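The following pair of complexes shares a single chain, subunit A, combined with subunit B in the former and subunit C in the latter.
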Partner chain A sequence: MTTLTPTRGGTASRRPVPSPSAPGRVREGGTILAVPALVWYLVFMVGPLAAIFVVAALHWPGMLQPVTFAGLGNVRTVLDDPVFWEAVRNTAVQLAVALPVMIGCAYMLGYYVAQRPPGHRVVRYLLFVPGLISTPAKAMVFYAALSPDGLVNGALTAVGLESLTDAWLASPSTALGALIALDLWSGIGFTAVLFAARLSSVPDEVGEAAQLDGAGHWRTMWRVHFPVIRDYVGVVTMLQFLWTLFGSAQHVLLLTQGGPGASSTTLSFLVYQKAFIAADLGYSQTVGVFLFLTGLVGLLLIRRSFRQNY
Partner chain B sequence: MRPPLSRRGLLAAGSGLAAATALPALSGCSALAAEDSDPHTLVVHSQLGTTAPGSPTYLAALRRFRAENPGLKVKNLVNGDDLAQVYETSRLARKEPDVVMVNLYDKTLAWTDVGATVDVKGYLDDWGLRERVLPVALTSWTDGKGRLRAFPYFATNWPIAYNTALLERAGVDGIPRTGDALIGAARKLRAKGIGPVTVGGNDWTGQKLLAQIIQTFLTEDEAKHVFATGDFGGSRGARQGIDYFVELRDAGVFVDKAQGLTSDSMTTQFNTGSAAIESAMSSALAEVPEKVARGTEVGGWPLAPGAAHDKPTILRTYTLIGFWISPNGTKKIEAVEKFVRFMYRPDTVSRFIRESGRDMALRTDTLSTGFPLVAAAQRLGGRVGQALLPDVYVPPAATQPLITATSTSFTRGTGAAKVRAALEAAYRGV
Partner chain C sequence: MKLGKSWLPAHVLVWTYVVLLVVPLYYFLSSAFKTNEEIFASPFAPPSSLDPGNFSTAFHRADLGLAVVNSGLVTGFSLVLTLALAIPAAFALARSTGRLASALEKVFSLGFLVPTFAALFPTFLLAAATGLFHTRTFMVLFLPATAMPLSVVILVQFMRTVPGEMEEAARIDGASTFAVLRHVYMPMCLPGIATVLLLNFLTFWNEYLYSLVIIGPDPAQRTVQVALPTLKAITGTDYGVLTAGTVLTLVPVWVVYTVLQKRMQRALISGAVKM
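Let's look at the complex of A and B:
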C-alpha cells in the first residue's frame, strides 16, 4: 500500500504541475478581450478630446460654412470679448460660493446623520431626493418658484415682506445667485449622504474617545473625524468642483439662457451658446480648451490640498 | 478539475453574442434611414405640430393632404427654436428632410448660399404659382443674387396692442401717439399699479421692439445699412433713436425687470391684464383672450419730434415662414410639387386665416373675422408707418450677441453711450 506523504520536494511528481504555457494563455485571452473596449475608449474619449484642440484652431462660423485655419486668432478674439471675461467672473463666483458652502454644509449634515439620531433613516432618504429628480425637472421647479408670481415671492408676501419680492431670474444682480442656489440645493443632499456613508465606517471608538476627553460635537466633527476622512473629502470636493464647473450649462440654459445681458453666463454655458445658438464653433472650442485646463488645474490643486497627512 | 465553462469562456461567449446581435441592429438603422430616399415618402420639417400657433390647422391640412394622396406618405418632424440647427446637422449627414418650413432669420440667411437649400425660382415659375404670391413677399424672399430662397407662406403684421380698458381706468385719454404722451400714460398706469409696456427684454421680442424704436429717426435705407453693418455710432438717426429709447426706459415706460422677461412672460402679462401695452405679432394677437381683446385696440409705436416717419410705426414682414426645398427634396420633386400646390390652394390658405388667425404672404380675400385683433391689424394699412424688421439684414454671427446686448439695453441705468457700445460690440464677430 503506497501512501502519499507530503515530503519536501518528494512526491511532487504526483501533484499536477501547472504547465508553463497555461499562464501565458490566460494573459493572451485577456488582452484580446480588452481590445474592443480600448478601441471604444480611443474613439469616443480620446478622439473628442483631441477634437477640442483641433476645432479651437479653426475658423468655423456655422456648421455648413467652409472651414479655414485660424491658428491663435480665436484665442485673441476670445480674450478680447467682454462676455468671456464676464463668464470667467461668474464661474469664479459660482465656484467660490457654491463649493465651500456645499462641502461644509454637507459634511455637517453627514456627520449628524452618521450619529444615528432618531429618524436618521428618513433624513437620509429626504437628503437624497434631489438626486432622484432629473435636471430639467429641477430647473423647472426653481423656475416656477422664482418667477414673479411664484413660491418665493408668495412666501415673502405671506410673512409681510412684500417689499423684498423681486423678479429673481430677471435681475442682473440675483440671476447668478439663483443659479448658485440651484447648485446648492441639488448638491448638498447627495454629498451629505456620501459623507454619512464614509463617516459610518469610522470606528465609533474614535468619537467616543474624543467625547471622554471632553470635546463637544463641533470639535469632534472638525478636529477628529475630518482629518480621518480628509482624503475622501478631497475626492468629493474634486467631483463637485468638476460637476459644477462643467455641468452648469444645463441649469443656465433652462433657467435664464445666460441673461439678463451676460450676468448669469458661465464658461460652460458659453461653450454651448457659442456652439449651438450662435454657431461660432472655433470660439466655442477655444473656451472649451480654457475650461479643460481650468478643470485640470483645479483638480490637481484640490487633490493636493486634501492629501491625507496623518 | 477545471469547470467546463470557465469565466474566460463565459466572457468570450457573451461578447460574441453581443456582437452578433449588435451588427444586425446597426444595419437595421440604415433600413430606417432608407425611407428618407423613398420617392413615396415626403419628409417635412416644421415648427408647427405641437403648440406653435397654427398647429391644429396645419395638422388638419396634412391629414387632408394624406387623404387626397393615398400613395404618398408624409412624415412631419417638429422642432422649436432649434429647428435651424437640427436641419443643419441632418444636412451634414446628407439625411436632411425634403421640405423645411422656417423663417428667414439668423442661420437660415446663409442656407441658399451654402447649398443647404435650393433656389426655388425655377419651380415657382414651372408650377405657375407666381401669381399666387404677393409681389412684396417675393422681393423679401429674394436674395442679393436674384435667387428665391423659399416659397413665401406666412406673413405678419406686428403692431402695438393697447388695452384701452386699462388705459381708461388709469385716466389716460386715448392711445398715445407721441413719446411724451406715452411717458405721461406710463406714469398714470403705474399710479394705478398697472404695468405700462411689457416686453421680453431677454429674447427676440425685446430685440425687435428696440430695433423699431431706434428706427423712429431712420429711413428705410438708413435702417438697412445700420442693421447690416452695426454702425449705430456713425448714424445720426441711430444715435437719436437710442437716446429716445433710453429716455423712455428711464421714465418708466417699460415694466420693471423687462430686461429679464421673455416672450412668454410678455404675453402672459398682457393677456392677464397686468400690463396695458405690448408689441405683438399676429400669432400673439390671435391668442389674446376674448375678455381682454374686447377692450384692446392696435396701433403704432409713438413718434418723437424730428422723426423720420410721419405716423406711428408698426413692423410688417412677409418672411415669417416659407417652404424651403432641400437637395434631398429635389430628388422627389413631384411629391414636393404636390405638397406645395396643396398648401398654396386658396381653401388651405383660407383655413389658416380663419382658424388660426395667421397672416399670409399669398393673395387672398379671406379675413380673420374670428380674430378681431388680427383683422384690425390687417386693416391698419396706411394709417401707420412701417419700420423694418431687422431679421433679414442682421448677419447671422451678430444675431445672438445682439439679443444679449438688447437685454443690457433694457436694464435701467445703462446710459445711451453704453447701449450704443453694446449694440456695436454685437457685430464684432462679423
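Let's look at the complex of A and C:
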C-alpha cells in the first residue's frame, strides 16, 4: 500500500515556463487528451445508466413487442407484486447478515494479520485466493460443496451426522443462507487483506502506548485502531455494500435461479430475470431504478455513519 | 506487540477460516483426477492416479479451448484499448491545473460508485442498436469503459509524481506534447501502468454476466467464464469433469498470481479503495 500512495505535491511545483516553440495553452492543456476516455465513459456507462429511467416508464412486454408509454404504471405493478416484496425481504436479510458479519470478521482478521503472528505470510497468501477466482468458478465451488451428494453432505455423513444432510441449494429454508455463505466465504478474506494493509500503516507507537496504559488487544483493536481507520472502514463497507447489492444476481443465477419459489430471489436477480427470462422490460427496469436508488441511499447512510469523528 | 496466551482463540478461528478456504480448493484439485464413484466414496482422499481424462473431456465437451482463445482475445484487446484511452486522459488531467480538469477528475472518481450491473439491460439495447450484439467486438469496446474510472484515477496519481522539471527539460530540447508523454511520463509511470494492467486483466478475464448476455452462448464466440457453467448442465453430475473444467479456467490467473504475487497483491489493495 505504502508504495502506491504517491504524493499530490507534483502539480504545485510545476510552473509554466515560456518557450518559443509551444504556446502556454498547449502545455497547460492537452486537456483535450482526456476527451476520448470521457466520451467512451459517457457512451458506455452513463448513457445506459440514464436509459434505465426511460425504460422504467415504458410498457414493453418483450423485445419485439410494441412499446407504449406507461408513466408510473410499472411502479404500481411492481408494488402490487408479492414476488417483488419477497425479493426486497431477501435482499434486506442478505445485507443485514452479510455486511456486518463480513466487515466485523474482516476487521478482526485484518488486525490479526497486521500483528504478524507466526504463519501470517501463508494466511495472507491464502486470503487473497477468493479475490482471484471468477464468479462462475466460485459458484462451481459452492455447487460442488452444497449439492445433495457434494462435499458438505459427504463430510456430515463421514462424521455420523447423516440426519443433518440437506439439499442445501434446493431447500427454501437454506437457499438464501447458502448465497450469504458464498458472500462471506469469498468476501472476508479479501476485505481482511485490505484492512491489514491499512492497519500496517498505522504507527506502531499508537498500539504500544495503549498497551502501556494496560489495554488488551481487544480494547486496542476496537478503541484505538478502529477510530484511526474509521473512514477507511467506511469506504470498504460502501464497496462491499455495492458488491453485495448488485453482485448477488450472478450468484443467484448460477446457483439457485431464484428458487425454490422465490425464496432466494434478490432484487438484482429480479432485474435480470424480468429482463432476460420473463421479458417484462418495463418491470425489470423499474426494479432497476429502485435498486439504484437503494444503492445511493445506502451509500449516503454508510458514509454518514462512518464519518471520522475525532 | 506481544501475542500472549489470550490469542489462542484468535489463532484457532483464523486457521479455521483458512482451512475453509483451502478445503474446497483441495477438493477441486483432487476431484479433477477422480471418477464420480471415487469422489462420493472418499471425497477427501488424494487421487489414485493423475489421469488427465477429465480435463480432456471438459475441454472437448464445453469447447474450452476455443473459449480460452476467446477470453484471451477479449481480455487482450480490451487491455490495449483501456491503456490507449486512460494514459492520455490521465496525462492531461495530471498536468493541467484548470477547473475543467479537476471537474473531469471528479467525474471519473465518482465512477467507482456507478454499479456496472445496474445498466445491464440498456447496455444490451446499445449492443443491439449498434449491430454488435452477439459479438466479442462489443465487449472489447465496452469493458474499457467500465475500467476507465479506476484506471484513470490510479494513473493520475502516478503521473502527478513526475517532476515538472523533467517536462521542462524535454520541452527545451524541442519535444512535442506527445513526445513528452511517450518519453518522459510513460517510462516513469510503468509501475502504475502495470498496476492498471494487472487489475483489469483480472476483471476482464473473470467478467461473467455481460459476456453471458452480450456475447451469448454461441461456442464460437463465448468466453471461458460463460462456457464453464455449461459444464454443469452438460455433464449432469459428473463432478470430475466439472472440477477439471473449473481448474482449467483458473490456470491463467493462478500463473499470473504466482509470478507476480507481490505486485498483484499491491495492485488489488490499491485498486479496491481509490476514492
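We take it that the second predicted complex is superposed on the first by the 282 of 310 C-alpha atoms of A that agree within 3 Å, B and C clash if a C-alpha of one lies under 4 Å from a C-alpha of the other, contacts with A are read in each partner's own complex, and residues count from 1 in each chain.
The rule we apply is simple: a contact is a pair of C-beta atoms (placed from the backbone, for glycine too) under 8 Å apart; a residue touches a chain by one contact, two chains touch by 3 or more.
In this text the structure is predicted, and so the values were computed from the model without any measurement.
In the superposed model, A:I302 lies in contact with neither subunit B nor subunit C. Residue contacts after overlaying the shared chain place A:P61 against subunit B, while subunit C stays out of touching range.
The partner of subunit A that touches more of its residues, comparing subunit B with subunit C, is C.
Of the two partner chains placed around the shared chain by superposition, neither subunit B nor subunit C is touched by A:V252. In the superposition on chain A, A:A70 contacts neither subunit B nor subunit C. In the overlay built on the shared chain, the residue A:Y272 is in contact with subunit C alone; subunit B does not reach it.
In the superposition on chain A, A:A145 contacts subunit C only, with no contact to subunit B. Contacts of A:A155 after superposition: subunit C is touched, whereas subunit B is not reached.
Once the two complexes are laid over each other on the shared chain, residue contacts for A:M45 go to subunit C alone; subunit B is not touched. With both structures placed on the common chain, the touch criterion links A:V287 to neither subunit B nor subunit C. When both complexes are aligned on chain A by C-alpha atoms, subunit A residues 26, 29-30, 33, 36, 276 touch subunit B in the first and subunit C in the second. Looking at the complex, you find that subunit A touches subunit C at residues 1, 3-11, 13-15, 17, 19, 21-22, 26-34, 36-38, 40-41, 43-49, 51-52, 55, 105, 108-109, 112, 115, 117, 122-137, 139-141, 143-145, 147, 149-151, 154-155, 158, 185, 188-190, 193-194, 197, 204, 207-208, 211, 216-217, 220, 232, 235-236, 238-239, 242, 245-247, 249-250, 253-254, 268, 271-272, 275-276, 281, 284-285, 288, 291-292, 295, 299. Subunit C contributes residues 1, 3, 6-7, 10-11, 14-15, 17-18, 20-25, 27-28, 31, 40, 43-44, 85-86, 88-89, 91-98, 100-101, 104, 107-108, 111-126, 141-142, 144-146, 148-149, 152, 157-164, 167-168, 171-172, 174, 176-177, 191, 195, 202, 205-209, 213, 225-226, 228-229, 231-232, 237, 239, 242-243, 246, 249-250, 253-254, 257, 261, 265-266, 268-270, 272-273, 275 to its touches with subunit A in the complex. Residues of subunit A that touch subunit B in their complex: 26, 29-30, 33, 36, 61-66, 77, 80-83, 148, 166-167, 169-172, 175, 256-262, 273, 276-280, 283. Chain contact summary for the complex, subunit B toward subunit A: residues 8, 11-12, 15, 82, 85, 88-89, 91-92, 107, 110-111, 114-116, 201-203, 256-261, 265, 396-397, 399-401, 404-405, 407-408, 410-411, 425, 428-429.
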